[in-house]
């Protein structure tokens, strides 16, 4: 892991006071940790606007398990050459609905395209693609 | 499951043409399915602004597995009386980083509060709370 | 303006009931109007992911009017050959802060780049770029 | 204005390197300025989750100017006792469409409610509410 550097940041007393209050509520132990999180989040958001960047994604789907098309498409997805499924989790929410979380790797553009395909399947009630940048987090 | 109703929707030719093109790209088989998804998403978003509403959430965390505090807090979370963990998934991303997906039930306000607590732990590099409404999806 | 078409949409009774309740709260006069808005919003979001698409943007800035650099850059912006400023609005919020709304036309990619430049200027406290698609709304 | 404080932040070399690169692209002159913007943005987002907080908002609407209902509602809005319109800007986009920016003050909850009402009016094609926190920016 890279070494640690220490930088100085100047900011208005009032802004610092409001920040200290907020991060205490959020449960942070130190300002550095809170600022590192802000920086990481910004870097992450920035990388994920690039369709060619490598990313890890957690795709969350809620679907009616009576819909069989979704099963087939999920299986196809596992055999995709473009995206690499790492792992998945299946939860029975109730009589009708399942929640599936699929963790996969691939390019941002490919992941988004695949996400749209999944969400459009009949029987899929909700879908989210959580993109997480895959380098220098 | 409830019966199916059929309603009429009037809209400009041009708007309909653009919509048909978009949903074909997204892979929808019918307009009804695409419109149901739009409606569900809007209902879902609306419910999730209510702190008291019951929801299912998929919390996604990336963290440095050398950070031990996160382990303890994740264990505490499993024993929470306010939120009910349903299932979780753990993925080794690389030498340093793990991805954890935790599926849980509880009130929107409690889930968000818990999410902030988790994200603020030292060693957690990224965190997302995916709220999914828990009724009438 | 294009002619009006009428399409049929089938959806579960329960989903329709929840939708009717929500749009009544929001103040819609008809389902068609509410569904048209959902469709337009989706089309708009989709277009705005394309860096080359023409768009109208309302850029909202809050800044300390003692910061002179921002004035210069705003002036440069008015003379840009890439973006075309249509109109702007200046509001004195209090002793220190001004709010400026700039309405302009240009390509999505150029507007976003310009937005980042403006937000990074010392003295700019907050900035938002509201992109609005420029065709077939 | 409050005095300036200087705090120390420790972070990994690699994270700092990526941050320096990003803020150079965005056009920042100093790390302090970039970090202050991240902090302000977080504070702002946090405040705006509180329905009771005072805020300034820039409401952006695109509408068909043949729709007369919108005009009436916009006029009512100017005379509201709950929200205080500060200023507004009207732009003719083309033959059919107008863009209106309304800058107003009020409580977050009231502003959001009003925004939904405006967006639901027949003839309004797109609407956005830009909330900006109104204290300690």
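The chains carry the letters A, B, C and D, assigned in the order they are written, with residues numbered from 1 in each.
Note that a contact is a pair of C-beta atoms (placed from the backbone, for glycine too) under 8 Å apart; a residue touches a chain by one contact, two chains touch by 3 or more.
Because the structure is a prediction, the values reported are computed rather than measured.
*Asks:* If you apply the touch rule, which chains end up adjacent to both chain B and chain C?
*Replies:* Of all the chains present, none is in contact with both chain B and chain C.
*Asks:* I'd like the Å distance between the centres of chain B and chain D, where a centre is the mean of that chain's Cα atoms.
*Replies:* Each chain reduced to its C-alpha mean, chain B and chain D end up 25 Å apart.
*Asks:* CA centre of chain A versus CA centre of chain B: separation in Å?
*Replies:* One centre to the other, that is 10 Å.
*Asks:* Please output the residue numbers of chain D that touch at least 2 other chains, ranges allowed.
*Replies:* Correct list: 1, 40.
*Asks:* May I ask you to sort the chain touch graph into line, ring, star, complete or other?
*Replies:* Ring.
*Asks:* Kindly provide every pair of chains that touch.
*Replies:* Touching chain pairs, listed by label, are A-B, A-D, B-C, C-D.
*Asks:* Touching residues of chain C toward chain B in the complex: what are they?
*Replies:* Residues 1-16, 18-19, 22, 31-32, 35-36, 38-40, 42-43, 46, 136 of chain C touch chain B in their complex.
*Asks:* Of all residues in chain B, which touch chain A in the complex?
*Replies:* Going through chain B, the ones touching chain A are 1, 23, 25-30, 33-34, 37, 40-41, 44, 56, 58, 60, 62, 86-89, 91, 93, 96-97, 99, 101, 103, 116-117, 119-122, 124-126, 128, 130, 132, 134, 137.
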